[in-house]
Structure formats: structure tokens, C-alpha cells
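Chain nomenclature is as follows: A, B, C and D, assigned in order of appearance, with residue numbering initiated at 1 for each chain independently.
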Amino acid sequence: MSNFLASINYNSWILHVLLVFPLLGAVAVFLSPAALAKRLAFAVTLLEFLLSLGLWWSVNTSNGTMELMQTIPWIPQWGISYAVGIDGISLTMVLLTTMLMPLCVLGSFAAITEREPGYYALLLVLTTGMIGVFIAMDMFLFYVFWEVMLVPMYFLIGVWGGKNRLYAALKFFIYTMAGSLLMLVAILVMVRVAAVMGDGKVSFSYFHLLQYAQSPIMGRIAPWLFLAFFLAFAIKVPLFPFHTWLPDAHVEAPTAGSVILASVLLKMGTYGFIRFAIPFFPGVAFSTFVTNTVVTLAVIGVVYGALVAMVQPDIKKLVAYSSVSHLGFAVLGIWAASVQGVQGALMVMIGHGFSTGALFFLIGMIYERRHTREINAYGGLARVVPIFSLILTVVALASIGLPGLNGFVGEFLVLIGSFRIYPYATGIATTGVIFAAAYMLWALQRIIFNKLDKPANEVIPDLNRRELAVLIPLLIGIVWMGLYPKPVLDKIEPAARRYILMTKGLVVPGDDVIRTKGASQ
Amino acid sequence: MNPSWIWLTIALPFAGFLVNGVLALAKPDAKRVVSLVGPGVLLAAFAVAASIFAGLWTHPPEEPIVLPLWAWIGAGALRVNFSLQVDQLSAVMLMVVTGVGSLIHIFSVGYMREDPGYARFFAYLNLFVAFMLILILGSSLPVLFVGWEGVGLCSYLLIGFWYQEKANADAGKKAFIVNRIGDFGVLIAMFLIFWTIGSLEFTDIVKHAPSAYAAGGTLITVITMFLFLGCAGKSAQIPLYVWLPDAMAGPTPVSALIHAATMVTAGVYLVARTSILFSMAPVSSMVVAGVGATTALFAASIGLRQYDIKKVLAYSTVSQLGYMFLGVGSAAYSAGVFHLVTHAFFKALLFLGSGSVIHAMHHAYHATHSHEDAQDMRNMGGLSKYLPATYWLMLLATFAIAGVPPFSGFFSKDEILSAAFGRGAEHPVFYVFWAFGVAAALMTAFYMMRLMAMTFWGENRTGTVEQEHLHEAPAIMTGPLVILGVLSVIGGVLNLPEFVGGLSHQGLEKWLEPVLAPAAKQMPVHMPHGSTETILIVAASLTAIAGLVAGWKATLAKPITVAKAAHEEVGFARVLFNKYYIDEIYQSLIVRPLVAISRLFLWKFVDQGVIDGLGVNGSGGLARALGWLGGRLQSGQLGLYVIVFVAGAVWLLHAVIR
Amino acid sequence: MLLGPSLVLSAILFSIGVVGVMIRRNAIVLFMCVELMLNAVNLSFVALSTAHGFGGQVMVFFVMTVAAAEAAVGLAIILAIFRHTKSVDLKNINLLQG
Amino acid sequence: MTGLDLLTPSGLMVAMLPELVVTLAAVIVLLINAWRHQTAADSRFAGMVSLAGLVAALAVLGALWRGGAAPLGAPNMIALDGYRFGAQLLILGASIGTVLLSLDYLERESLIAPEYYSLLLMATSGMMFLAGAEDLIVLFLGLEVMSVPVYVLAAFNRKSAVSAEAGLKYFLVGALASAFLLYGIALTYGATGSTALTVVGQRIAAQGIGTMSGLGLALMLIGLGFKVASVPFHMWAPDVYDGAPTPVTAYMATGVKAAGFLALVRVLMVGFGSAVDTWQPIIGVLAAASMILGNLVALAQRSIKRMLAYSSVAHAGYLLAAVWSGSQAGASATMLYLAAYVLTTLATFGILAVLGRGGERDVTLDSIAGLAQRRPAIAAALTICMFSLLGFPGTFGFIGKWAILSSITAEHHQFLAVVLVLTSLVSAGYYLPVIRSLYMRPPLNAEIHDGVILPGAARLTVALGVILLLVLGILPRLAIDRADSGARSFAGTALDRAAQARR
């Protein structure tokens, strides 16, 4: 495989193609008739996935450094370049994105009946935005992707969403923008300070900023800068108490929108912590106050999310709050900055992408049949739709971290990795596994078990082939990563170690590790 | 067979699960195939297990044989392989699980035949065995944990097997959640062990624990307490026992296999498996023994006043599990395991026997379209006439559980009580535990005899028409009962005490020695000897017999009214009947407040009120309100505009000159 | 030299103009007050010219021209509004607000 | 043609050629009006001639710019540098756009009075003088030549009471502001003995800022603050923008505001550069107040036109923030942002004009609901405009905002930057609902949008505007180059030296 990829010079063009191809696809889809649009969109996303798959072999993740770096001057007057690169962390995130997109398209075939070309075109634009966030190596570029992504999502929620979609769309947009605008100021200030330190060289390059991020001048304002970054990412994660946009957005978004939100968009917050906020300001991020605050918030998120999820009457809201809970684990692991914690956080991110994505698909499918998301409107479905019930059960169990399925690997690693550092917080977070069982099984019971006492539920058909085609890849992922997560763990380990070195201020760009000691364990 | 084939024992039932699962979804009527595959894979697994066991028997390994299958979770220093460990302890468990499991599978062919979810049932049951085997064969805590939670899952699915009844689904959910509380403890224990020993492999734990921990220190105590929390959840000990009685909602073979013979004993197994840790933590051991003894007594007392035949057996199971913990808490790990094994025999027999009874009762009521409770003993009576085989076999099991010599239960129970008594020399509190155990033994004998008497003796209360339809179960159900009956009777030979002599040095204790020796080195077992031993044995035997006689006399002393005509219990009996109201207390002290707090405080107040209402929409509203105010200022009156203009000008001039 | 007093006088006149604009409600009177302000400034220019040469005096002519132009346009607008509202009282002119 | 001696009449004439062409065109249109002022065709003809005049001026401007015209000796009366050229490009662009928008609007509203175009051209020449003024006398004259025709334009719809009211309010407060500005010029003249900005700058750098020159500065800030609609001198703006005919509103929001800002930058940079410490705090307060008040009140508006009026106050705040930074980067950012704002505003008001058959004041979020279904192109264009006004990445508006933020943060004082982004967030609260109405709500009734058709000329403006917004939003290098080279005109001024010293 590697030889073949090398022979077509894969590494030199793939990142650009991954960004441009969906955009071109979006234009084509937008201009094509409705009947063709969805097929075309599916073809584009599938091809995009196949293209991206080569990254698995072609990217050398063993150093944990940014590979495939490409820098093209964009706005040289302002020191802005089109710079992209990829490491193990980005790699998994990009593949998660590209893998989900064909499923999202396929999963929308029946649900979306209005303005289809626009819908699928937006999904494709979103693809570019998401991939861009994960590979941008220039802060300007990153910011552009970060913000641009909001637009398709805004439309997806607002146009194709549920009853209260207008409120949810606006809330989603403004909430997210609130965080990112302050980050914008922080980026600019960093660039200015770096320019002072670096003989007036103005550059938005990630590495350039990383180089000067720990300079003494930056040190004085670092808490403020960190706060700005932190807010942007904490809202996206979402970390308690910045999470209230999520339930609304999830509930109102169309199925594919919810899937993308949960599976990819939320990960951008944690990704942002790992890639930007913490490596830039490790001193602040790991100061006692910040550490205590973040870990407390993460743990509150874990427990609070689970408890609030438990009492939701709306199944989508339940899953939304469960995301708050899960992502709390991820943040905890990131702040633990131990190998297990960080790898665990990444596994939580990936695992949550699979299981929650699948949950939202399932909810969407049942919604298409019954047009309600009220948990109490269901009951006894196991008898009418056994395949649906089986898959829902498996996915729900994956979500609550049943060992052998993917959710467990991440949670276990996070908890074991964080335990040494924050024993009490981790101990409290571990109770999350109890509450997770409570909310998920209770919901499961009310949906697929109990008496089949609503006549409307007696006639719904089981999953069809298209729906199975959407779910089975996710199920394979859930089981595979639960039983044999090693290939993924191996891909992310060097990058995770590198992140840990950064948290200790042991890495400077120029991309070389000064000291490698003290980051094992 | 070479132990490296051990994975087959897991793979076979798992394959059975896949086949039955697909059938359940695709062709639920293919009962023939299911009847072959379901028990077939178990018998095959048992054959594999037996041949491996035979190999071990002839060449007992000094060290555990660890067979890595694949690298599972690896991050930094944490390297967990998915590997299986074969040693004397897991071999015993292997035999029990596959053996008893096979019998129960065969029984189920008859018992579940009519059920529309036949294939699904066997799929779950096969899956359960696969997970149970992972639990006992896992070479490290995380792998064990896979099985640990996996059996919990199957238990959940099987308790709620007839999910259309809300109560059943509730019971399944309750089981899973209560077990998760225990799992929380296991997780924390794992974290602590990993960060102190650096590995979660059992072999490493055994090797490094003595140097890593100070015996009796806080750390080891904390670790073992958390581990025991897990055990208490899985093995239904106080305060987490509440799920097990409810778990009787599942089909009776499930109760026999999961909630009597195998899964619920996993906690005992875990303590034995990590005996090195418990032996270094005397305080924890004492807690284990204390909780075990208390549970034994407490559950037995509830069993005195239950009418549902399965509920009686359920509380009996909780009580017997308490015995096992009393044993392992007294550092008599092999005694605990011994009781585990004998209990698996006689309790499986009791459950299957009760299954046979319920089967008959159910048929009888079904034939007459009556909606009476087929499990209520007040509706039975005199069944020995209709179900002779079942009656005799259950009577044997009753003697076994009551501890009548020389039935199996006598030996195992005696060994536990002796060990507890022996530890009393060191910690007098163990005398109390011993006394609890003896009292529980008395009650056990009593309620078991009560069960037998109400069910099989006296006048039949099922109904005159229904009596016609009462008949013995088919051979496929009684066959396994017979085998279990034999085992219940002779199970004691596995580990004969010293006074019997002869085979004693060949017994279970000896067999398990390589596994348990490190623990024994930390905390030796003090078995009473000589006259003390004799007195204890005699006392135990007399207790058992006294209990049996009392149970028989008391039950048949006055006539029993059928369930629907029964009047309410009064006094302490009512407390017992209502299981000390523990469920109600949990419900109103923990569950309901938690849900209420979550809904009213966290969700409605904090989330929707404070964060979203005040914080998010509040700031939005504030901006809008300020904007509206600003708009009011824009009155359209030019005079005002000029005044603002001039005021601004004055401020600006002032600002410059200043 | 009368520079100081002239400037003070100019400032006073300007202020009177400003106050007039602030307190009067009649559009025409308002405009007259503005004219007063412009002429107060003119006084300043003339006075300052004594110190700095004729630049200020040139400015005065421009200002007078501009004031004339403004007057023409302003009165036309006031006429236009009078046609609509039959009043030049600014109190009545508040269709645009909010 | 690189060097021009501005002290000779011929040199000065060449330097002022663009203004002269526009003035000439105004006179020609006026002459044509004398004979032909009856029919719609007459009006359209006048508009075409104006267009030709503006394009000719643009060509002359281009020739001067490309030729690298620069003063040979001392500057005199009118600037001859990149900043002036850039400023005048913007002004001419705004004027051309306004003419294009007006062609069909006037016909639709039956405002058949070709004088409209000559007024527009005169105002344009006034703006060009204002933005290019190197001398305070020219500045004042430019301001008045600009203002007086715009007073008339605001009141141009004689049939409309609100239009007359708009004219009156604009006129009265405008005259008041002119008086303040004039007094400021007088005091500056008194303090420095000159009206030439360069000389003023040198004197103030030499003697420091005293009471008299300080008052002069303050009074001039008041006058110019009025023109750019900065809080607290903004209160006329919502009413006037609201009441004036929509193309005129567009013109005021783009041309007048641009000319005012560009003059402000020049006065502050060249004339009062060394007094930066005096005016920076004041500008900062004005900027923050404008951003906060404009955005908040815009949030509470129902009418989209009035909402845009308040948002224009907010944008004045953003621009003042750029001016606040008092550096070349700030001057460049002002120019860039104005360019983005001019493009966006023209396109927005162009669309608003066609949405508002029967009165643009009544265009609300409800009345535009569901436009995207019926008129996808117009809805898309309006959406892009809203995103650009919001300063969202991918549009030129973002580049402008980025430049402003960049220039502020370069001064290592982040307060204004934070206010800017937070108020931008507030602005999302009223820009996004527009998009929401367009795409996410059903129309009030089936036929409501049938008549929404962009006429040819307006379509050209809107299309060009929107395409430029997108292209410059993604590939802004050229625009940044122009703005930067313009800002370099201020190299060596007192302010520039001060800015260098601050680093």
C-alpha cells in the first residue's frame, strides 16, 4: 500500500484534495436536480473517504510530529499562509470525519425531501470545514475553517430542523461565535507579541506562535490569552456550564446534523485544547487554579450530564446531555496529561463519534417512522422491530462503556490515566459509569422493552437495507475498537506523548524535542 | 488436551450465541436447530474443559499458564493483553460453569420449549457462558472486567427476558445498575492497583503485592474495600443485594445458572483470585467476613417469611453467598470456593426443581385459564404425589443446603464455620460472625423445610380441576436434575475434612494450594482441631437437624390458606414478608431523591433556569432590553438630539483640556 | 491689540448660538442661531488674522458664501416640511423615531 | 508624470483633475437638466451622463495613481498621495453604485427630477475634496460642498413627509456640526498660524498641544464625528437614514461616511500626529460608545432599514477603533474596512430598495420571510452581505475587521479589541435573523415576493458587490496592497514617528 501511495505521490496532494474536492462536489451537487443530488453527494463523500483512507498508511505517525506539511503564502502582507499538516491525532479525526460523511448522506436519503441539492451541498461544504479545522497549521486558516463551519450547520439546523429550529440555530451560532471571537483577539495578540519577540516577523504560523508562546512577555498576558482560547474550545466541547446550546441544537437538527454535531464538531473543542490552548500556554493551563477549575468542571460535566440526561423526556436531549458527560471524560484525560489519559481522551473522542453518531442515526430512523422523540411515546419495540432494538442495545451499551465495545477503552484509559494525578476527581468521575447505566438503560427500557401498548408502535417496519448500510459500518467500528483498539492507539500514541512533552514545556518548534525524559508512564 | 486450546471453551458458546442470535432474528421458529446448537456448544465446551482439566490433573502446573490472545489496550506503561489464565482455581470454576451450565442448558430445552423467544433465550444463555468464562479465565483485571460486565449484561437481558412486563424490565435494569455500583469499586481498585504495582495481570499482582504494599496499611485496605464493593454488587451482599430477589423475574433456568450457580459467585471468585490482596488487609477481610455473616443471617431471616418459591430460593442464595464471604473473609479461600462449588450443585438443583414445579403449576393453570400465581407456595401443597422425582431430588438438595451430614453442603458449610471460629482466636469479633453463621444455618434449615413442606406435603391447594393437569416434567428436564442430585449428595468428597481422613490430602484445598499459597503465607488459616472441631461439627449437625424439624413442624402445624384468600401478615412477620422494607427505603432515600434532584434542581433550575435562562437567554434579553431603551431615547425630537450632541461636545472639550 | 477680548467675545457669541440651538423649537430660529455661531467663528478668524496674516480673512469670505448656500438650501427644506406638517415647530416633527 | 509642482497653477490643476472632472460633469448634467427634465427618459439620460462623468473621473484617477503622481515640493492645498487616491476610488465607487441604484429607483418612486444626479455629482466632488484636503480651508469647503447637496438629496422625495423630516434634521444638526468644525479650524489656525495640515503638524510637534490647539482639535473632532455618525453625535443618523430615499441612504452610509473617515484620518495623522496621546483616549471612548450603542439599539429594531441605520453607527465605531490605533496599520485598516463596508452597504441597500415596494421602511423580518424559495439569487446575495457586515470569514468584511483588530492589537491595548468582538457578537443577533427569515421561515403569503426583481443596473451593482465581497474575502492581497501603499503616505508624519517610538 505504501509503495503504491508513494508512486502516485499521494502525500503531496492529498490534503489539498481533501479540502477542495468536497467544495467542487458541493457546487456540482447544488446545481444538479434533486433526484441526482443525493446520489452525487454520496459518491463524492464516499470517494473522499476512499481518498482519505490512504492517509492511514502514508502518514508516518511514529514521531508524533506534523507530517505532510505544506505551506503556501496566502496573505503575505499579514504573514498568513495556507499551511496544512497532519499528525496521528489529526489523522484519526480526519478519518472519523470522512468516514461519517457518506453515512450521513446515506442516512438522509429518506428524511430530507425538501431542497435536497442545497442540503447535500451544505453537507459537503461542512466536510471541507471540518477537515480544514483538523489540518490547518496556520491560525488564520484555522480560524477561517472554525467559523466557516458554523454556516452550513446553521442552515442545516435552521432549514431542515425540527419545530423550534429557528431558536436553536441562532443559539448554536451565537454561542459558538461568542467563544471564537475572543479567541480571534487572542490569536492576534499572540501574533503581535511574537512579532515583538521575533524581530518584527509577523506570522500566523502555528509553529511560529508556538515558538514564542512561552516567551516572558507572553507570560504576563498568557492567562488572558489562555482564557480566550479556553472559552472558545470549552463552548465547543461543551464543558459545563457552557453546554446549554447543545441540547437545543441536537434536538432541532436533522439526523445528519445531529450526527455531525456529536461525532465531529464537539471533538473540535477537545482537539483545540490538545493542539492549541494547552501547548501554547502550558504554564497557565496547568497552573493550580486552572487545573482545579477545569478538572472540577469536567467532573461536574460527567456527573451532571448523566444525571440531567436521566430525566430527559426527549430522547435526543438525553443523548445530548450524555455527550456532555462523555466529553467531560475527554477533558479530564486531556488535563491529566498522562499517556493513558491523553490517549484515553482521544479514544473517547473517537468512540463517542461512533456510538453517539450511531445513536443519533437510530433515533432519526425511528423518528422517521413515528415522528416523535418523546421516550414515553415508545415502549415494547423489541417485538416489532427486533433488528432496530438489537442495534440500539449494542450502541447504547457501547455508549455506557461496556467493556469489549469501544466506549470502554476510552473511558478506562482516561480514568486510569487521570487517577494518579487527580485521584478524588477521578473517583467522582468514575461514578459516571453508574449514572450512565441509569439513564441509558432506563431509556432503553422505555423504548424497546415494557408493554407494546401504543397502537401506533405496532405497525412500524424494521430497518431496511439502506439503514443497515448506514449502521453496520458504525457497528463494526464499535466492536473493532472495543476489542482491538491497538492500531488506533498506536497511531495516536506518539502524538499524545508529544502533547505531554508540550504540556511540560519540553518541546519547542523547529520540531525537536529537547528532553524526552519524564514523559513516559 | 493442551491448555492452549482453552480459548475454544469461550469460542464455542460465543459461536452458539451468534448462531442462535441470527436465528432469533431471522427464523425464530427453528427450534430444532436451536435445541441442538444451544446445549450442544455447551457440551462441547464442557468436553474441552474436561479434557484440559484432566491434563491439569495429571500434571498440575506450578505457575499459572497465561495464554495471550491479542494485544488489547496499550498506552504508556499500561499494557493489557487479551489473555487467558489457566490455573487450578480457574480450572475448578471452568468445570463448574461448563458442567452445571450444560445441565441447565439441557433442562432449558424442555423448560423453554413453548416460549416464542426460544432462540433468543439460548442466544443470551450462550453469550452468558462465554462471558462467564472470560470472567474466570481472564488473566488480568481488565479482561476479567470484560466478563464481569458481560455477565451483568446477560443477566440484565435474561432477567428482562419477558420484557413486555414492566416489572421484569425494571428488575433487569435494577440488576445492571446495582451491579454498576459494584463495578465502580472494581474500577477504582484497578486504578489503585495499576498505579502501585504497575500492572493489572494477576501473576504480577501476586508477585509484587507483598513488596508493593505494607500489610495492613491504608492503601491495601482501600484497594480491597473497593474490590469488595464490586464483589458485593455482583454477589448480592449487603447493601447491594437488593437486585437479586428481583432478578427472579427471569426464567427459572436463568435463576439457576446465573443467579445461583455461577455469576453471583463471581464475587467470591474475585476475592479468591485476589486473595493475596485480601490476605494483606486484615481489616478488609474482617469487613468481608462481617458483611458475609450479616448477609447470611439477614437474608435467611427474610427467607423465613416468603411465599414465592423462587423468592425463598433467592434469599437463600443471598444467604449462602454470605457464607462464602464469611469463608473467604476468614482467609479460608479454599473453603469459600468449596462452598461455591457445592452451592452450585444444590442450588442449581433447587432452582431447577422449583422450575419443574412451576412448570407443572403453570401448565395446570394454563389448562384451566386460571390466573393464579404459579410460583406462590400457598397454592401448592402435596405435590410429591404428582412430581415424585422432583420431590425426592429437591429433598436431597434441601438436606445438602441445610448441612445435614454427609451431604455436600455439610462439609463446605462446616469448613467455613470452623474457619470463622478459628479466626476468632485472633479477632474475637469472628466469634460473633460464627454465631451469625450458625443462626443462619438454623434458619436455612427451617425455611428450606418450610419450602418443602408447603410445596410437597400436606393437602394440595392448587384447585380441584387444576390437579388433573399436574404432572412430572419430561425426561430432558429431570435428567439434569438427577445428575445434580448425585453431585449434591456426594459433592463433599471434593474436600473431605481431616477427621474423615483418607482422601483429605487430595481435596480441593490441596488442589488450590499453588494458587492460594501466597495468601496463606500472609494470613494463615486457623482451623480448630481435636475436641473443638468435634464439638463444632456436632453442633452444626444438630443445628441443621433442629432447623429441619422445626421447619417441618411449624409449617404443617396449622392449615395454609391459598394465596388469594390469605390475610395480611402482622407484627414482625410482616416486616420479614416485606423484606425489612429495604427496597422501599432505597427507593425513597436514594432513587426518588436522585431523580427529583436531577429533574427539578439540576435540569429545571440549574440548566434551564440559571445557565440557560439567566446566563444565555438572560444576556440576550439584557442586550435586547438595553437596545430597546436606547431606541426609546431616540424620541424623534430634534431638541433632544441637539442636547445630546452638545453634551457630547462639552464632554469632549473637557476631555481635551484636562 | 484686541485679540484676547475678540476671541472671548467670539466664544460668547458661539455659546449663545449653541444655547439657542438647544432651547429653541422653531426651525427657522434654530437656523438663525447656527448662523450666529458661524459669524462668531468669523469674528475669531478676523481677529486671528491680525496675528497670522490674511489667511483667516480669506476664510471669512468662504464661510459667508457657504452660509448663504446653506441658508438657501435650509429654507427650502423648511418650506418643504411646512408643506407637509403646516408647522415649523420641531415638536411636531417626529415621524422618525425609535 | 511622477512629480507635480503643486505651487504652480498647472500642477495643481493636474493634481485636482479627478475632482474637476466630476465638477464638470455636475455642471454638464445641470445644463442638460435645464432643457430636459420632464420624462423618465430624461432622468435616465442624466443618470447616464453622470455615470460617464464618474467613470471618466475614475479613469483620470487611475492614470494619476498608476503614474505615481507625487508632489515635487511642499504639499499644498490638496494631497497627492496613495491615500487620497484610494479614498477617491472608494468615493467614486460609492457614487457610481449610487447612480446605478438610483436609475430605476427614481422611476419607480416617480421622482422624475434629473437635478438629483447633478446634486449627487456635486456632493461627490465635495467628498473628493474633503478626502484629499491637505489644507483646512479645502477641508471645510469640501465638507460643505458635500453636505449641502446631501441635505437636499435626503429631502428629495417631496411627496414624502418623512423624507422632508430627514432632510430637515440632517440639515439643522449638520449646520450645527459645521459650525463646530469651523470653530475648530479657526482655533487651530489661531494656535499654529496656518491652515495647511503639514504646517499645523510641524508646529504642534514643535510646540506641543496647547489649550487653543487642543480646543481646535476637539471642535474638529465634533464636526467630523457628526459626519461619520459617531456616538454621541449620531442621533440624526437613524432618523435620516430611515427617512431618506434608499439610494440616498446608501450614499450617505457609504460616500459621506467614507469621506468623513478619510478626512479624519488625514487630519489626525498629518495635523495632530504628535498629539496622539490627547486624542487617542477620546477616539477610543467614541469608538466603544458607537459600537455598543449602535449594535444594541439595532438589536431592537423591527424595520430592516432602520436596523441598518443603527448598524451603520456601529460600523462607525469599528472604523473609529481603527483610527484609534493611530498607526499606518490603522490608516490602512480604515481604508480596507471602508472598502468592504462600501461594497456591502451598496449591495444591501440595492436589495432593500427592491424588497421595499411600497416603502422600504416597512421591510421587516416578517416581510422578507421565505424569499429564498422564490428568489434564491437575491436571498443568497443578501445573505452574503449580512455575513460580510457581521465580519464573517470568507467575506471581505472579515478581512476588514481582521485588519482593524490587527491594527488595534498591534498597539498592545486590547480593550477596544474586546469591545469590538463582543459587540460583533451582538450584531450577530440582528444580522442572522435576516438570513433566518430568508431561508428558514415560510413566506407570509404566496405572492408576496413575486415583484421582487432586481432591475438591470441594480443587479449589476449587487452582483458586482457580492462577487467582489467573496473574491476579496478569499484573495485579499491586492486590496491589502492598495490600502497599505495608501497608508504609507503617512510615513514620516509626526504620528508615524510617534507610533514607531511606541513600539
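One rule holds in what follows: a residue touches a chain if its C-beta (ideal position, glycine included) is under 8 Å from a C-beta of that chain, and two chains touch if they have at least 3 such contacts.
Since this is a predicted model, take the numbers as computed values, not measurements.
Enquirer: Can you list every chain that touches chain B and also touches chain C?
Expert: D
Enquirer: Taking all protein C-alpha atoms shown, work out their mean, then name the chain whose own C-alpha mean is nearest to it.
Expert: A
Enquirer: Using CA atom averages as chain centres, what separation in Å is found between chain C and chain D?
Expert: 26
Enquirer: Give, as an integer number of Å, the spacing between the C-alpha centres of chain B and chain A.
Expert: Computed value for the inter-centroid distance: 38 Å.
Enquirer: Which integer distance in Å separates the CA centroid of chain A from that of chain C?
Expert: Distance between chain centres: 65 Å.
Enquirer: How many angstrom lie between the CA centroids of chain A and chain D, rounded to a whole number?
Expert: 43
Enquirer: Going by the touch rule set out above, which residues of chain A reach two or more other chains?
Expert: 174
Enquirer: Can you list every residue of chain D that touches 2 or more other chains, as numbers and ranges?
Expert: Within chain D, the residues that touch at least two other chains are 168-169, 172, 176, 238-239, 301, 429.
Enquirer: When you check chain C against every other chain, which residues touch at least two of them?
Expert: 18, 21, 30, 93-98
Enquirer: Report the complete set of touching chain pairs.
Expert: A-B, A-D, B-C, B-D, C-D
Enquirer: Give every residue of chain B touching chain A within the complex, in rising order.
Expert: For chain B paired with chain A, touching residues are 24-25, 70-78, 82, 142, 145-146, 148-150, 153, 156, 160, 163-166, 169-170, 172-173, 176-177, 180-181, 183-184, 187-188, 190-192, 194-195, 594-595, 597-599, 602-603, 606-607, 611-612, 615-616, 620.
Enquirer: Quick one: in the complex, what on chain D touches chain A?
Expert: Result: residues 387, 392-394, 398, 402, 405-406, 409-410, 412, 414, 417-418, 421-422, 424-425, 428-429, 432-433, 435-436, 439-441, 476-477, 480-481, 484, 503 of chain D touch chain A.
Enquirer: In the complex, go through chain B and note every residue touching chain D.
Expert: Its residues touching chain D are 620, 623-624, 626-628, 630-631, 634, 636, 638, 640-642, 644-645, 647-649, 651-653, 655-657.
Enquirer: Along chain C, where are the residues that touch chain B in the complex?
Expert: Residue list for chain C touching chain B: 18, 21-23, 25, 30, 90-91, 93-98.
Enquirer: Inside the complex, what are the residues of chain D that reach chain B?
Expert: 168-169, 172-173, 176-177, 180, 211, 214-215, 217-219, 221-222, 225-226, 231-233, 235-236, 238-239, 278-279, 281-282, 285, 293, 296-301, 426, 429
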